[in-house]
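What follows is chain A paired twice: with chain B in the first complex and chain C in the second.
Up next is the complex of A and B:
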């Protein structure tokens, strides 16, 4: 991240998890309204920092991920309300309109379903790359992603997550995580890999305050601010057999599957291993 | 002439010219001085300490000169212009030369070469210098101990300096720049190195030189002829038979042919190389008439050929050198590789050899195919990837494909389990999912209304959040440690850094002694223990005391880690000692 300077404009992409299965939302369905309001305000604050700053907002719903802003529809004429800058009104309106559209058109949900955040992030990375490529040569654009989610860690998106994180690292895209409910081990790793910040919000009421305080400044400025120290990241891997995080495991030398217990035959690629011989106890030294 | 009164003049030579002004050369006890004629002014004054060596102009030159080369690379040239003629000039110069020769060794700084090398090593490695300062100068360890530890580095330097030999530079011929002296003449300065290079690159010239020089031609005549022929005549088609080097060209050419024949690489067909251009606009016109063009232009062809030949010969000198340095004969593989490199340089080689490709029999063709296979295997084989070539060939036949029972798992990692992964959601009292969904859908209709800022965030919640995020808040725990660096002055930081460097070095040596199985290691262990103790009391303790006094709240924090390191070492030592005592009893 050292090349990025705070003078360059920055593109912020917010991924917001709107899946109704999230515990936060299930406990209090009005929380979603609060989250959306906070995010709109936060996005506008980002745009206000620098006239060249760019913003994109993606919703990750239970059936699909969709761009809320910018969207295909043409900017309509907005009357000034409350003295708010028309462009900000437009941003807020299009986020809300598109999301309500998305929610209304969503199929009815009967079971809990996981938010496919990893796929959403991949989509965002593609978008960022496209924007970066369309930049005029010589101009620099800082890019980062903010994920606002109350979902749980999902082990089965592990591979996709890792691919996303390492791509982001390579493309110098910082991934910030704002966890609303659960401690997200996997996404913490992503923050650590890409140089973003991880925060688990202690109380949802003050969400906007947390967002503005921690995630508004660019990563290049953050080192100069008094921000919460980064959390120690748990880099344990999940085993393929029980999906549990393990400290020490066994890795198949052929297909690199991870197992928590030794088995003589790899269940992924059916390679047969030699049974390790028990280590001989050391001979006691002869006393001289 | 105040100068003369103070110092004894050993020799005084009048009629000497320096930079086109006449004067007198004085050789004194400690320096060489040149004074301009009729002036009380010293034009040049070189202390013998500064003089590195002296050079004299070669015999037969019209000017009798003496050059003093200085340590810093500069030089001064004195021209002897005795009116009585060359004989006297020579005599003058000889006297100066001999005197300087006898004096100069007295002033040579008698630096032990070893000491010099140590000095060089220290100046090149600031880290090592710091270690030396901390450990040796403060008498924690002796100089010998220090050098036994770091002797490896020293030896490395020695090895490097002795081993490398200078090869022949590819552009050595263009390096010899002729000096135009203004009257339609060129002058070449030939150093022994250049001559050596020419001989090595052009064995034919060396042969000629050996044949002709002492008897038929003088040294300078020979080189004049060489340059005349090399730079001028060779590009002309009509080489006079009387030219000394006409033969050489033929010899070189036949050698080239031989070498091309020798390099029988099955994957390389030298004679098929065409001199195609990359694209129109590079070098020559389009591809079609390229052939006609190049074939017609014999001058181009000759130049390309000569460039190729030159590179060929240069590369060959490297090969010979390696052959000489390696006492054991080169293996076939190496030979091949070298041939490759030579061939590589000859890619642009035109059809030099007119030999007809002989019609191959079936067997020969098979053999060639086999050879090709071998070559390809050689190229794709890496020594560090395990077993040797033949072994690999066997393995090739028994390669098994990966047999994936669960392809999904291989591609995506841990798979979702069948049971509901949201079990723990039951822990909370939550509304059924469909109800939540409905509520949200209903809520969206209200979104089009304007949100007042009070709705956006409650002031109390904002203040609470701010409290959590301020230093001392819930989220900011562990924040202070992070910023320790802000309170530590840079000098202290640097000092601590050096302390760590030295301590790390000593501790490294200490831990290397474990397990002390030989008496030598035991000895070393005892010594290292003493050394660390000395280091602890002479360096760390004073530092700690000072830090605690000056930076009271941080003092103990700064040195706690280094103390821990040393305590650990001491503890290990004492436990080892106890065990040893127990054993003896």
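Up next is the complex of A and C:
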């Protein structure tokens, strides 16, 4: 029962970074519309794969993360307007409406603020666990997360990221990353840990096609398709004192916190270290 | 040398052929291009493709030119070449793509334009709205809740099954609701046949197998039989299919208007209403509600997706899930113990008589029936044309929730909720009957020399058609399919 097979339905949660301070969006304000259109088409393509497939879309803004679909509010009445499958129209509409709601209510950004991606991922994991629990006994559900972001790596959220990644690994949730702008070192580690794919989109125009090629196949059938090989992952950690990625550092022997400079007291667990003294040469036994 | 033809007795029991959507579409070669004019059918056909084929199609959907075959081949990994080939074949069979040649002398795959266009419409929008959805009405207060629709659908469907189980007993009195049309379909499908002498109806072995299927497969099989006869009623098959698939993509708990439908489709709707696929308050009313039976009836899996009206509400989702579990058709009622005892918590005549097909019933109580699975009872069922897989899947489908809960909490994990000993034993009992396997073949004997025999035997072996040989009596048997080749070879050999 623990084995994931391609016959089981799968739940895909898409985390979209909608933070307006992303460089992609600042350079070209239309980009967000393009991204959202691609995301909703991609989401519907996922629902199209199997009738039992499930979808959730979460927007990650600079002040909060919010479910765009399924949303917490009562959904408004929807009817088919054109040849599109009624349910797909509903998904598309609720994503757009909820996003515009979110953007309207967002406070102004004073300076460039980070997207709350780590927190958003944690929220998604909670959602996934809840859905898994509510499944009828005996049925299986494959779960994965797709992150679409143009933000930069934020070492500030290092701890939360790592907690999320290892929880996801334990719960067999694959995390896929689609980077729009920057190479994301930290999130790459997450992909590697959870067995997801990482892709930096070469150009934004073909976003939907990239998504369909790389991220639409379920992890269970990815091995059957020729997909780009995983990139070499940079496993540097961020130090806890300055949040910078370091190659070599100091590690607290009690709580495994990482520091780039030696400090006599661990800031995380308050352990007091002995000051390293130069090792005294052993006294030679004096002959008597 | 002489060769004799012998054909073995064909398998004596007729197995119920249950086509899936894929093989059904494959058999409809003459109208398949017309079917792809409907977005709903394209969507259903797409969902039923092999996993890899789905990826191929979606990759090509936005490409406006044929894709070289070599490129398509490079999409799959080498290790799974066989599966990739099967996927390509499936797409060709269904005429979803066709071969095309592009400049440079390469052969390429090109998606059928109508399929491409209409799948895109269903996915991304555009085009005209589906005929069933085209007139939007105001939502009124008299909408029906989902549990009501579920109950209605199941009661209609059970009515049909009850009729099949005891048509003769209930003649006149209980025969409410089942029309001559439905009876005709049952007869046409060979699920029942008429006894020549007294005119009573008898359930055939295919009928028994039908009853053991899960509801969704039953509906699908039944509707296929209906569609086979719909031309005789003056209904167009293409229209019926498109209507059926539109229904299967509708939303549970939502009312649709029948106003835009043609005369023929109104008749079709009335038939669907009789089988419980749609609910309509009165015949004249212009609104109808699709029921769970109609939704996604093409899919094998019994889990009904929750594209129901409450779908969007997260907070309600969990309550709804539990609720829909409770109301989801009937709950399981069978407990199977490791000592082959079967306890069925039911008072339904239908369910008990189904159980009696393969168990020996011991006691009947008002709310529970106790039986035991024995070698004789299983063999009797097997003789009736029921397979062990059908028996096991029936027991699994109707497993009591307690049994499911026990299986999922027990320390050792199995794929089934039933005790492994019982499953294995049922399978063994079936294998007992299959000690013979029949292959048609041709005997070659009376060879004049040892050398002749050896040459021919080695040849037959090399092309993999040799079934049996004996060097002492110079006799060999080859498969019927290889007979031509071997004969030709012998002629050439004996001449030269």
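Quick note on the criterion: the second predicted complex is superposed on the first by the 248 of 288 C-alpha atoms of A that agree within 3 Å, B and C clash if a C-alpha of one lies under 4 Å from a C-alpha of the other, contacts with A are read in each partner's own complex, and residues count from 1 in each chain.
Here, contacts are C-beta pairs under 8 Å (C-beta built on N, C-alpha and C of every residue); 3 or more make two chains touch, one makes a residue touch a chain.
These numbers come from a predicted model, not from an experiment.
Visitor: Fit or clash for chain B plus chain C once both are placed on chain A?
Guide: Overlaying the two structures gives chain B and chain C room side by side.
Visitor: With the two complexes superposed on chain A, say which partner A:226 touches: chain B (first), chain C (second), both, or neither.
Guide: In the superposed model, A:226 contacts both chain B and chain C.
Visitor: So, A:149: does it touch chain B (first), chain C (second), both, or neither?
Guide: Once the two structures are laid over each other on A, A:149 reaches no partner at all.
Visitor: For A:50, using the defined touch cut-off, is the partner it touches chain B, chain C, both, or neither? Pick first, second, both or neither.
Guide: Only chain C; A:50 stays clear of chain B.
Visitor: Quick one: is A:86 in contact with chain B, with chain C, with both, or with neither? Answer first, second, both or neither.
Guide: A:86 sits against chain C, while chain B stays out of touch.
Visitor: Between chain B (first) and chain C (second), which, if any, makes contact with A:139: first, second, both or neither?
Guide: second
Visitor: Scan A:23 for contacts with chain B and chain C and give back first, second, both or neither.
Guide: In the superposition, A:23 touches chain B alone.
Visitor: How many degrees, to the nearest 10, separate the directions from chain A's C-alpha centre towards those of chain B and chain C?
Guide: After superposition on chain A, the angle is 70 degrees.
Visitor: Tell me which partner A:41 touches in the superposition: chain B (first), chain C (second), both or neither.
Guide: In the superposed model, A:41 contacts both chain B and chain C.
Visitor: Let me test your reading of the model: by the given contact rule, A:209 touches which partner, first (chain B), second (chain C), both or neither?
Guide: Both chain B and chain C are touched by A:209.
Visitor: For A:65 in the superposed arrangement: first (chain B), second (chain C), both or neither?
Guide: neither
Visitor: Between chain B and chain C, report the minimum C-alpha distance in the superposition, expressed in whole angstrom.
Guide: 6
Visitor: Chain A residues touched by both chain B and chain C?
Guide: Shared contact residues on chain A (touching chain B in one complex, chain C in the other): 41, 81-82, 208-209, 213, 226.
Visitor: List the residues on chain C that touch chain A in their complex, please.
Guide: Per the stated touch rule, the residues are 39-40, 43, 46-47, 51-52, 54-55, 58-59, 62, 74-77, 79-80, 83-84, 118, 121-130, 133, 136, 139, 249-251, 296, 299, 301, 303, 305, 307, 311-315, 317-318, 321-322, 325, 401, 404-405, 407-408, 413, 415, 417.
Visitor: Which part of chain A faces chain C closely enough to touch in the complex?
Guide: 1-2, 6, 9, 41, 44-45, 48-53, 67, 69-75, 77, 79-90, 92, 94, 130-131, 134, 136-139, 208-209, 212-213, 216-218, 221, 223-226
Visitor: Contact residues on chain B for chain A in the complex?
Guide: 402-406, 409-417, 420-422, 425, 428-431, 433-434, 436-437, 439-441, 443-448, 450-451, 455-458, 461-462, 464-466, 468-471, 474-479, 482, 583
Visitor: Within their complex, state which residues of chain A touch chain B.
Guide: 20-21, 23, 25-27, 29-30, 32-33, 36-38, 41, 81-82, 93, 96-97, 99-100, 103-104, 108-112, 114, 152, 154-156, 158-160, 199, 202-203, 205-210, 213-214, 226-229, 238-240, 243, 254-255, 257, 267-271, 287
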